[in-house]
Structure formats: C-alpha cells, structure tokens
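As written, the chain order gives the labels A, B, C, D and E, with residue 1 at the start of each chain.
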Amino acid sequence: MEEYPEELRTPPVALVSLVGCPELHTLISTHLHSEQPPINTLALPDFSKISIMAKTQKDTSASGQAAGILKRDWLLKHRTRVPAIVAALFSSDHVSGDPAQWLQVCTDLENLKALIRGRNIKLVLVVVVQSTSKHDISEDRMIALRKRAEVDSKYLINFVPNDALDLQQSLNRMGNTFAELANTYYRDEGRRIKMRLERKSFSSIELNIRYCFKVAVYAEFRRDWVEALRLYEDAYHVLREMIGTATRLPAIQRLVEIKTVAEQLHFKISTLLLHGGKVIEAITWFRQHNASYRRLVGAPEVIFLHWEWLSRQFLVFAELLETSSAITPSISFPVSGRADRLTEWELYSAYYYQLAAHYLKEKKSSLELALSMSEAEIDGMAESVVPAVYVGQFARLLEQGNTFSMQPLTDEDYIHYALAEGKRFQDSFEIIALVKKSFEMYSSSKAQRMASYCGFQMAREYFAESEFGNAKQLFDSVASLYRQEGWVTLLWEVLGYLRECSRRLGSVKDFIEYSLEMAALPVLPVAGVLSFSFKECGPAGPASLAQREIIHEEVFGLVRGQSSLASNEGNSSLKVTGDHPIHLEIDLVSPLRVVAATSNDQSVHRVETALVLSLVTNKWLRLTYDIKSEQSGKLECVSVIARMGPHFTICCRAESPASLNDLPLWKFEDRVETFPTKDPGLAFSGQKFTQVEEPDPLVDLKLVASGPALVGESFIVPVTVTSKGHAIHSGELKINLVDTRGGGLLSPREVEPSSSDNLHVELLGVSGLECEDESKPGMENIKKIQHSFGLISVPYLNVGDSWSCKLEIKWHRPKPVMLYVSLGYSSHSSEPSVQKVHVHKSLQIEGKTAVSISHRFMLPFRREPLLLSKIKPVLDSDQMPSLPLNETSILVVSAKNCTEVPLQLLSMSIEMEDDGSGRSCSLQHGGKDLIDPALLVPGEEFKKVFSVIPEVNVSNLEIGTVCLRWRRDSGPEEESGSNTAASEVLTKHRLPDVNVELSPLVVSLECPPHAILGNPFTYFIKIQNQTQLLQEIKLSLADSQSFVLSGYHNDTTFVLPKSEHILSYKLVPLASGSQQLPRVTVTAMRYSAGFQPSIAASTVFVFPSEPHFKMAHIMASPESIAVE
Amino acid sequence: MAAIYSLYIINKSGGLIFYKDYGSAGRMDTNDSLRLASLWHSMHAISQQLSPIGGCMGIELLEADTFDLHCFQSLTGTKFFVVSEPGTQHVEGLLKHIYELYTDYVLKNPFYEMEMPIRCELFDINLAQAVQKDRVAFLGR
Amino acid sequence: MIVCVAVVGHQSFTEADDALKLHHIVHCSLDVVDERVNNPKKSGPLNESFLGLLCPPENYKVYGYLTNTKVKFILVTTDLDVRDADMRNFFRRFHSAYVDAVSNPFHVPAKKITSRTFAERVSTIVKSLG
Amino acid sequence: MGREVSESCVDSLLTEIVSTYCNGFYANKPELAARRIEAIGYQVGHQLSERYTMERPRFSDHLEAIKFICKDFWSELFKKQIDNLKTNHRGTFVLQDNRFRWLARMSVDPSSENSSSPQDPSTMAENKAAQAVGMHLYFPCGIIRGALSNLGIPCAVSADISNLPACDRNNITKRNFDPCLVAPLTAHCELS
Amino acid sequence: MAPVAPRSGDAIFASVERVNAELFTLTYGAIVRQLLTDLEEVEEVNKQLDQMGYNIGIRLIDEFLAKSNVSRCVDFKETAEVIAKVGFKMFLGVTASVTNWDADGMSCSLILEDNPLVDFVELPDTCQGLYYCNILSGVIRGALEMVSMKTEVTWVRDMLRGDDAFELQVKLLKQVSEEYPYKDDEYSEV
C-alpha cells in the first residue's frame, strides 16, 4: 500500500485557491482545513502566480484512440492544481484607494477571470477590511468591484481580521460559501462527464473506463461514496472486458497496464467497502477479484510479474483489512449453508499476509528462473525506462539536447526492464516479514497449527538464507507441535531441517539427538513414500526406511567416534571427543525422543552396570540385576544409561514427563507394542520400584508381666533382650506407656504432673540392670525417665548374649495400659549412619485395685435412739449416716480381695487426724490386732469392728481413714531373697463423715439373750428421755402368735425430763426357734415421730428346752461386745 | 386330580444332583434319596440291557399301584425322573420342559459346576412355577 | 480430483496420499475444525458431522467431517466446483468404511489403520466420486 | 437391525471370559483378572460406540452422550433401555438397569460356600457371592467406560450389585445393575 | 414316549433369544486380542481358545438337545448333518455344509462360508499361525464328547488366511458308550 501515490491512498479533498493578501493565507487555510469536510487551499501570494492554475494544453483526443486508460497525473492535478474556487483577496484600502490602486485591482481581476474563463471554476471576492478604515469603504466602489468580477453579491465577502468576533464570522461565512461552491463545482464536473457516459459519446473503451473513474473521483470529492463505489465497479467490470479484446499495446505491457489499473480500481473499491463497514462484501469482492485475475499469468518470461502483482493484491487487502478491523471490531459471521460461504480464515488478515508471502515466494522462484534463463546482460537498457504518462505504462526517455521525448517500449525491452527491476529487490526478507506477521496474528488467535505452519515457512526462508540460528529456533518450536500431535511425516521433514541446521551450526549434541529421533520415527507405509517428489521433502530426503538406515549408520558412526562429519559451518567438524563427551536425556515412552533434561539428582544414586549389550530388533531386552540393598525403603530404578562408543551416553529416565501423559506417541508402533507381559506385575504396573524391608531382626525382645498389676504396688515388668544371629551395637531401649483407651495417663484435671499421686500410671524406673560387668551401675544406662516414657541404652551384646532389666511401673488408679518397648540397634559396629534395625514389642497390662474397702455403721443392740434426722427428710441426711451423740455405735470395716491372686493382709487400722479441738469422738477397735498377716484368697473379705462414740455434737464428724497394709502372697518361698512380692503396699480409704446428733429419746429393749419354750420371761421396754422436756409417748405393742404376753397393748405415758420410763411385759414363748418378739411402736408426740426397733433387735431365740453350752461363743460375737 | 410327588435329577455318573419333594407321603432324607438315585441309575442301565433289541433307551415309565414313575434321559446321560400319581398324563411334556429349564437356569448359570448338586435359586423358582402350572392344568381338566 | 483423504484421530493420523504440502494443508485445517467445534453457533446446522468447506478455496478445496468420537476426516480436492451433497455422501460412506476398519479387533485405537480392505474400500469410494 | 446370533453365544463367551481369567490365569490375583476383563469390555465398548454413533449429530455435552448410552446404546445391546439415570450434577452419574440380562441367569447360592466357611456363613457367602458376580460385571463396566471415553468422556465406571440375585429371595426377576461413573470434570473422582 | 418331531434350524433360531451379532463378534475379537497380549505365544492362544470352546460346548449341547428335540442320531453322518444344519443355525444363525467324507464315514468337513465371528477381522502379520476361530472347534469337540463321541477337530481352511471358506475337519476317534454299574465290557451301540 505504501507504494501507492498519496492522492490515491487518501480520499480526495476539495481544493480552493487563495490569491492576494498572503499575510492572511495561513490563517484562512488552517480554518478551512479544520472545516468538516475539510478544504485544502492552494495559496498564491499575489496575482502574478496564478499561471499555476493555467490549463495544461492537452495533447490528446485529436485521435479518438486514447493512448492509455488513466492519466497518471490526472488525479494529482485535481488534488493539487485545479481548484474548485478561486478566492481573490483585496485589502479594502486598495479597493477604496486612489485610482492607481483601484486600477491595479481591476487588472488583477481581469487576469484572474481570463484564467478561469471556459472552466467553471468559481470566483469569490474577499475584501479585507482594516478595522481602522472600516467606515470609509465607498459603497459604489464595492458594487463596481462586483460588477467587474461578475459575481453574485453573496460571493463578495468582507473579511475583518482585526476584531476577533468579526474574524470568526467572516471565516465561517467564507467556509460555508466555499463548501457550497466546491460542491456545485464538483457536481457540475461530474455531471458533465457522466453525460458523456450516458450518451455513450466515447470513442474507446479506455475512455469509458477513464470517464467512470473520473466521475467516481468527483463523487468522492463530494463524499458521495455510494455513487463513487458504483462507478468504480463499472470501471472495474469494463476493464475486465478489455482483456483479450484490447489490441493497443504489445501483449505483455497491455496486460500489465490492465492489471495495474485493475489494482487501483480494486483498491478504491475495497477501501470504500471496508470504510463503509461492509467487511463481508469487501471480502467477497476480493475473492472475486482474486478469482478473476489469478489465472491471468501472462507471458511465461515475466510470470514473476504476475506473482508479484498477486502477492501485492493480498498484501494490500491484508493491510486494509487489518486497519479496518480496528474500526469495525466485531464481524457478524455469515450463517453457513451457502456452498461458497466464507470460511474463518478469510476474516483474518493473517490469511492474506500468508498468501501474499506465498505468492511472493512464487515470484522469487520464478524470477530466479527467468534470470537464469535470460543470458543477455540486461542492466544496460534498463536505466532510461521510466513510467509513462498513463498508469501502468512504461516508456523509454530519450533526450536530444535538452528536450525529452517518450518512446514506447517493445515487449523485449520491457522484459529486460522488468528483470532488471526485479533483481534490485531482496525478496526473501520481505517474505519472512510477511509470514512473521501472519505467524504472530495466528498465534495470537490461538490457531497454533496455522501459526506453526507459518513458522515453518519462516524457518525455511531463514534456512535458505542460511541463517541457521533463527531457522533452528523456529523449527524447534514447530517440531514440538508435530511431535506432540504425532504428525510423523511433517515431523520427519522438520527434523531433517533441524538436523541440517545443527550440522551447519556444528553442534554435535543436537545433531545426534535429531538424528536419533529421526531414526526412531515410525516407518510410513511404502505406498506413501513413493509419492514423494524429491523437491518437496527437505534436506532429510524421503521418509523411507532406507533413508533412516543411512541416518542411523551416520549417527552411530559418529557416536562411536569412528567417523566425523564436516560441518560446512567454518572449519570445525562434527566429532564426539573425550573433551566433549555427550550425554542425552531420552524419553522412555517415545524411544530416542529427546526430552528437556530434568536432572534433579536429589538423593544418592547407585549404579548397576551391565556388560556389552546387543539389542535385537523388535524385541525387548530384559536386564536382570541382583541388587543388594543396604537401605530400607523404596528402591527405584531412576534411569537407565546406555553408553555407546567411548564418549557418548544415553540416559533414559524411568519417569519421564512424557510417560506421564496418557497417550505417549510411539507406544502403538509395532516395535514397541509387544510389551513383556509374561510377568503380570511388570506388565501392568510397569513396575519400576520395589519396597525394601529392613533386615528382619535376629534379636528377640521379651516382655513378661505376672498377671495384672495391682493399684499401689510398684509392678515389675522384666525386659529381656537376647541377641541371636548378630551382635547388638549402640542398642537403645525405648519404653512407652500408653493409655489403651486413648487419653493420657494423667487425669486431665491435675495440673502439675510432677506430683505422683495425680498420675494414674507411672513408670517409676528401671531396676536391676544386670550388665556383663556389675562394676558400672545400671543407672548410668538410663538416659531419660519420665512418668510415661523411658529411654535406656543397651550395652553391647555379643551373639547369643542376653541382657535384661526390670521396669517398675506403678498404678495409682485402676487402668489398662499398653506398654510399648522398642529396641533400636545397628548390627554393624562400624558405621552408625546405616539404617538401624528396630524390634517392637508391646504388652497390655491391666491395672486393678487390689482390695476394695467398705464399711457400715450399726447401732447398739436393742437400743434405739430416736434420730430426728431419720424422720424429717433432711437433704443431706441420705448420703451422710447419722450417729447418736454419746452413744456407742459399731463401725464394721471390711476389705475384700478383688484380685485373682491371694493377698496378705498385714494390718488394718483407722487413723484419725485430730485437729486441735481435742477428741471429737472416741474410737477403739474391738478384738485383738492381727499378729501374723491374714491370708486373703481372691474374693475373700476381711472384717474388722470398731466402736465409735461421738463426743461432740457436730453436723459432720470425721471418722478417719482406714489404712490397710497388704502385699502379694507369693506362697511359702516368699522369704527367698529379693522378690517382688516382698514390697508391701499401704492402701488408704477415707471414711465418709457422719452426722452426729443428740437423740431426744432412746428406746431400749431388754430381754434375756434366749428364751426357753414355755418358760415365761420378762420383756422390758425402756424409754429414756434425754431432753429437758416432758415427752408424751404413745406406744403400742403388736400381738405375736409365738408369744403369750400380759400387759396392755396400747398406752400413752409421759416421760419426765432426763428420766427413764420402763414398761415390763411377761412373755411366754409358744414356739421354739428364733422368734419375733411382739413389736413395739413408740411414737413421740412432740416430734410426731413414731419408731420401731429393727427386726433384728426384736428377735429372740427360743430353745425347746434348756440348752447346755458355754456363753463364751456368743460373747465373741460383735453384738455382745457392743452390749457391754 | 393328579399330582407330581417328587422330582429327581441324576447326572450321567449316577449321582443325585437334584431332589425335590412336592408333598409326597414318604419324604426321604438325603442319604436315602442318594442311595435310591444310584440304584435307579443302575436299574435304568440294566433295563437297557434287558431289551431284546439294541438301542433301547431304558425305562421310561414305571407303573406301580400307588404311583407312576416317569423317566427322561437326555442324550448327554442326565436323567430326570418324576414320581407322580398313577395315571398322570403329559408328564413327558413336563419332563422336557424341566430339561429346558435345566439347560437355561442351571447350565447357563456361570456358578454351576457340571455334575455337581444343583443349588440354583432361579431353577427352583422356575421349576416350582412349572409344576404349579402343570397342576393347575390338570385341575382345569 | 481428490488428492488427499485424511483421517485424523485424537492423536494419530492416517492418510491416503502423502505429499508434504497436503500434510500441511490437512494439519492446518484442523485449526478450523477446532474453531468450529469450539463455537458451534458459527458452524451451521447444529453439530452435524459434516463440517463443509474448511479453508478458502485457494488451489484446493478442503472439506471436513467430525465424528462423534472426535475423529476428523479431512478431504482435499483440486476441483473447485464440487457440491456439498456429494461431499456429504462421500463422507458418509467413508465413515462406515472407517468404522468397520476400527472394528477389527487387532486395530489399536489411535494407531495407523493398516487394513487392506479399508484401503480398497476408500479407493473405490474416492474413484466413485471421480 | 443387522444380523443376529443366539443369546447363549454371548452368555457363554462372557462366562468363559470370567472363568478363564478368574480361575485360570489369575486365580489368586482377582484384581489383575478384573483389569483384564474390564479391558476386554473397554475395547468392545470403544468399537461399539464408534458404530452406533454413526449417522447422528455430535453430542453437545456429556449429558447427551450419557443419555445416548442409556437409550440407544443400551437397547442395541440388550433390547431395552437403562431404567433409571441419576446424577449429582458433579459428574457422577448412576445408570440403573433393573433387569440386567447378563445377570438374568445367575443364581448364587450362599449355602454352597457354607462348607468352606463354617464360621458365620451368611456374611462370608454374601461377599463371596458378591465378588463372584462382581467379576461378571467388570465386562459391562468396561463396555460403558470404553464407549464413553471414545466419546471423549474419560471416566471411571464401577458396578454396584446392591441386591444380589441370591440376596433378594422375595423378588424373583429383579436383577439390578447400577454402574456408577465419575467423569473427571469433578475434582473428587471417587467411585461410589 | 412319542418323540417330538425335530425342529428345523431356522425355526429354532427364530424362537430363541437373539442378540445383535456385532456385540458377539466384537466381544470375541476383544477376547482374542487380550489373550494375545497376555499369552504372547500364538500357540498358547490357540490352546486357550480351544479350551474355552470345549467348556462352552459341554454346556451348550444340552441346550441344543433340549430346544431342537433331535433324537439320538443313528450314526456319525447324521450327527454331522445335525451340527451343520441345526446346530450352527440355532446359535450362529448360519448353516454349514458337510463334505469330504472319508471311506469309513469317520471323518468329514464342515464348510462355513459365512461366519459371524470374523466380521471386520483382519489378521495382522504378527499373528500368522493363529486359528482365530479356534473356539468353534472346541465347542464342537466338547459338545460331541457329551454325547459320547470322542472327536478331533482341526482347521483345514481359514478365510482369514486367504482361503475361500472356513473348513473344519471333524474326525471321530471313538464312540464310548455308557459304563454299566455291574459289568464294564465294551458294548458298541449304534
């Protein structure tokens, strides 16, 4: 587009010429230019210059035969030299000046009129009024002036420059007038020529076209785009008809001229369309244009001209499209269905750039061909050839002396000229530029395949220009796409180029990589290969098997260091040498396809080497190694490295990036298809690693626990480490106590874990470490002991030796605990770095309460104090037993062995911590203390009786704490030496507080300890009033069939304060055995509280006859104690 | 009124692979049925030998005063026999049908092992239906 | 005449004719296919397998066809006046040929179709279209 | 409708596939056997989908494809459609066939396993039976997976035999086959 | 019992449950391919296919008998005919022809022009030596064995190897008769 003349590229603008008063010209022209539509000015300082506008005398149309289609300069002329309006500027004082000045004005005016006579260029008078002399413009002078100029009064404009307001007014007025006049001017001009068209009054088809063109241009001057378009199209069609019919010029030049004109017309048309926003139409138009001219290649010698022309068409249209697509962003895509509907790419300017490049390539090649053919040296006659008067024509410029004359060319001359011209241009860079453009556009619009195709073409150009650096870079990116999409044929070609590039660049590594990849590419069906024509395929040659073999040979010769290839680049030659060894990273799944070497050697790799391998075609080679693993964990095959020749290695990672992709490219090629599936594990999971277990320990670790542990005792768990198999170095014993039911061994509440008693279970320590040498005490081995964790170092143990220690664990609460003991050691003394062997043992130990202590209170026999708290329900009376003040109560404490092992009871006592306030109650235990420990078999219960006499009346009396000393009974051999059972345990049990109260009444029954059938006995009921009050007592005696009794059954008496009321009944037993005495119910009216002696209290044993036995037995029974 | 008492299927080697009782008086325990089956197998074979002319297919109907015994042996040697009320008609048809059921629901059950006792829910069900239908048919007449 | 018929699977590629240029054409035309599939509203009757003309008719006409299984058939022809109807018909027959070919148990999906019968069938279909 | 063969042919083949791989090659490695059987199914599904999607417009979305499987595809294979299609709209689809032909002839008898496992026969038999039937379901699962992935929907298909033939004594003819598949468009690709 | 008249192959085929042949064909194809992948050796695959066929045959025969009502064949000739005309038809929907009887009528050929197993199939070059349809021979062998005919079935022609038809040669080795519980002397019954 740049090479088009400016007047063609831009829409025409009306032209006005200013004459005189040059000082105002800039002012006016800027104003006019800023008008909408703008107006250009042709400014002439004074009237002597007006000759510029003078007509150029036409040399034409004497003969109706036109010498060409369009005059080259016509458009320019009307844009720059032929104004629509001439504005004559006179200063007012000249107009109304002295006669001499006036005369001057008149002559100027005359000249001007003379100039525009016969052409309907409009004349406008502008009188520049100096504000100073505003008043004295004589009216008649003005009229005279108008008369002379023969212009309508409204074309006489007073121009007042000095006053801003007036200035603006006059400028506007001027602008409007000019616009109006210009419009009429161009309309008239257009109409004039249109007339000829309508009257068909043109002698030749050329004129027809020319007229259409002119009318169109005039229409453009008037911004009448529609008409302009129509006429351009007419012109275009007429022109198309000329082809084949016209005879004027020699054939070649004729075609050239037509094409050139067609190009101009087409340019105009598509510009108009595009700026009108009619993108689709423009594109369809272009399609037609292209279609109708593509085949007009013209003479074979200058076929390159055609390609050049075609290329230019595409280029220009591309540029237009690109610029306009900025204006009209969104294109409504036509719905499909029409057979010739537009396709996507036609909307992308990229497409046109690409084709422009394509045809430019055509041009280049055909030009080269033509040049090679034209033997004659051609430059000589080229200089004097110049563009002729008509568009698209050329002529030889002959100069005789100082006069020039145009002489038409013969086609031969023209061809020479064209060739000479063609030689001057360096096309390939142009091509690259074009492709680059479309490349960028495509890639920006995500059409990567298109883009890569462009890239490929670029690269090829670079390659042709032997800029291998750029070429290689481009090819590489292209190759990656083809690789990824598996387009073998294309990949082959690209690789061929790449290989060549790297050879030229002398980079051995790349060369080898590409060669290998090519050699590994799947083979195409033979049918395909045949249809290759050699010029198509790149340096690689056809993708035949033979070709592969050649490459294969070549590269392997190279890597073996046998051969070396001359890289045409400079003196260096491709060679694999010791000082440049080569290492390739190869992809697993696409064999010999190079991947980005991601060498992250994070861990220590070990290398297994095999001897010389020979690989058979189409077979898998299975290598087997016996690997000695001294590390436990994952043993993985990271990569396989093959070495070829002295200095060349190929590394193939087991996990290559591509192997992660779901569909590796060559997987399905025959050679790789037959997977070794004999071993299903391998076949399926393609197993690359195995789990290495640590060596199974040849050590046994024993934990033994003698039954459940008992709360309170320090429980001993012996741990024995015996090495069988290998020695134990730097052994370490970890001990852990874990609550089986989760949760800690601490009760959550307690804060300071240090104090032992809030610790449920506690590892006291490790005792009895018996090492080989008793000299060093075991305690040193203890590295750390916490209440639930222990760490002990185990001394060196030789094979067969054993070592043991005892864990002391103490339970404070009953709780099952898991004891974990793990022994970590290394089997070799030497390096501690190597993996330690670990042996784990665990043992669940139940912690049980050894003895459960319970107690109960009893009142004295047959003595019933009235305890008010029993009657009226006091809230806390239920949990707290009440004891009568100063009365003897019996406390029975019983300890039950709830383990599975027999226990020895050493002592039981009640300790009461006496606070300062003296003895709150007296307490002595009846019976003698046990001298030798009492044996409690599991489940057995031991009872001991205490008598309690509360002495102070307190709501809650502390009785004290039961202290029980016991130990495991380890049978007769207990005495023997240091034995676990020896440790005795003290279990404490705090007795709950009791409520002491004074009982107002005490009812006691008295009767002999036993009765004899038939023998009467007396049965006393004593009611003791302990209060200062008179107590009314109602009492009733129930009948009982086993006794006959005398005395009244119901009675109400009063008991005096602090005195005792005694009732006595005579009873005669009627039945033997333990009999229920008549039950007495006493009701204290004062408290309206009735109470009854307990059943137990009111029974008596009736002997059938006088028994004979000792009382002593009975005396032993606890009750009797209470009695006394 | 006619009724099917019981159905036996015996594999080619004389093992009882299926036994179903449709409320006959003397319901047998497994051992008895097994014994009986092998016995019947041999009897069937013997009967073929007894035949004066070759190509005898063995007993097909055995009539007793209290029952009829219809037997059908497939060419593959599997024997189906049905104990029915005397004079029950169309038992052959029933047997054929049972044979088809056997091919459909026993042999086509991938979990059935050839020659092994038949434990196929679907077979039982369809068999039951067949016998039922059969009964109904008779009731109809 | 039809110079090239290509079957383009998800990954791999099988062709009836092997000229590099055609490879390029076919390969590039895939972009169009993607384009059409990605915004269906543009491509005509909804989701029809036949995609119609893919590229502007410059020297060649390129037609496309996309099966439900995302396999693309690309046809390149040199005669610039072929009717869509013929193309449709062609592709239908071609498709059935293709289906039978991939029904061969020994055909590995996405691998080059190495079936003689397929080749024959294709060539007959191509011939029939002239 | 093209040519046909007796149903027993396909049934027998299916039975043989399973027994060959489960009792033959990989008697002790059920998971490997399963993979092989599934692979066979996959290929079949892959090819069938190719056939049955001819002459039909392309599917615009996954749901369409899955509907295709439920309707046309299924009736091509079994002369009936899937009875029930559920989805959680997060890529999990549940296809349910209440009378799945390939289970129609199967009856698994728990009592048969009793001998092998005296302790707690019921459950033992249950899962044994389930396993056995499950083996037969890898094939149809493979088919579905093959078909869908050929339609461009990579997915995992698993069958759930909620009520085994042996389990529902009350219901004679009902045979459930609920493959449940998860397309990878969901992040959490877990089969249920 | 009154023997029900044997039914024609077509009649049975019309009556039995049928399925889409493509499913069958492709399934079989997939099996073969999987076996090839797993067993690698073509010979192994042949064996395996034959074995599978046998397993199928020993079950299928009963269905055949039950549904076709064929009564016991008088001789091997008839048997062969029944297989060709009824058996193949009933299961595969195609009929075979029986030819190439040897003198003593102990071996013949089953010719199969149309074979649903091999639709779409083309043997790759790597699989020469594979008897693709070997399952058929297994089926026949198994089935005949159940009706107490020991046979040997071999492939003579194979379309997949370029022959014009499939030809199975069935050779009758011996006819074992039922064992008798109480005496076990050979008793040839025909």
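Everything below uses one rule, namely that a contact is a pair of C-beta atoms (placed from the backbone, for glycine too) under 8 Å apart; a residue touches a chain by one contact, two chains touch by 3 or more.
As the structure is a prediction and not an experimental result, all values here were calculated from the model.
Contact with both chain B and chain C is made by D, E.
Each step here moves to a touching chain, and the least such steps from chain B to chain E number 1.
The chain with its CA mean position farthest from that of chain B is A.
Between D-E and C-D, more C-beta contact pairs are found at D-E. In this assembly, the C-alpha centroid of chain A lies 35 Å from the C-alpha centroid of chain D. Distance from the chain A centre to the chain B centre is 71 Å, each centre being the mean of its Cα atoms. Averaging Cα coordinates per chain places chain C and chain E 42 Å apart. Residue numbers of chain E whose C-beta contacts span two or more other chains: 22, 26, 28-30, 33, 38, 59-60, 63.
Touching two or more other chains at once are residues 680 of chain A.
Contact with two or more other chains is made by residues 8, 12, 14-15, 19, 25, 43, 47, 51 of chain D.
The part of chain B that touches chain E in the complex is made up of residues 12, 14, 38, 41-42, 45-46, 49, 54-55, 57, 60-61, 72, 74-78, 92, 96, 99-100, 102-104, 107-108, 114. Across the interface of their complex, chain C is touched by residues 43, 46-47, 49-51, 53-60, 150-152 of chain D. The touching residues of chain E, when paired with chain D in their complex, are 13, 16-24, 26-31, 33-34, 38, 48, 51-52, 55-56, 59-60, 63, 90-93, 116. Residues of chain C touching chain D in their complex: 37, 40, 46-49, 66-70, 92, 95-96, 99, 102-103, 105, 109. Residues 1-10, 12-17, 19-20, 24-25, 36, 39-41, 43-44, 47-48, 51, 76-79 of chain D are the ones touching chain E in the complex.
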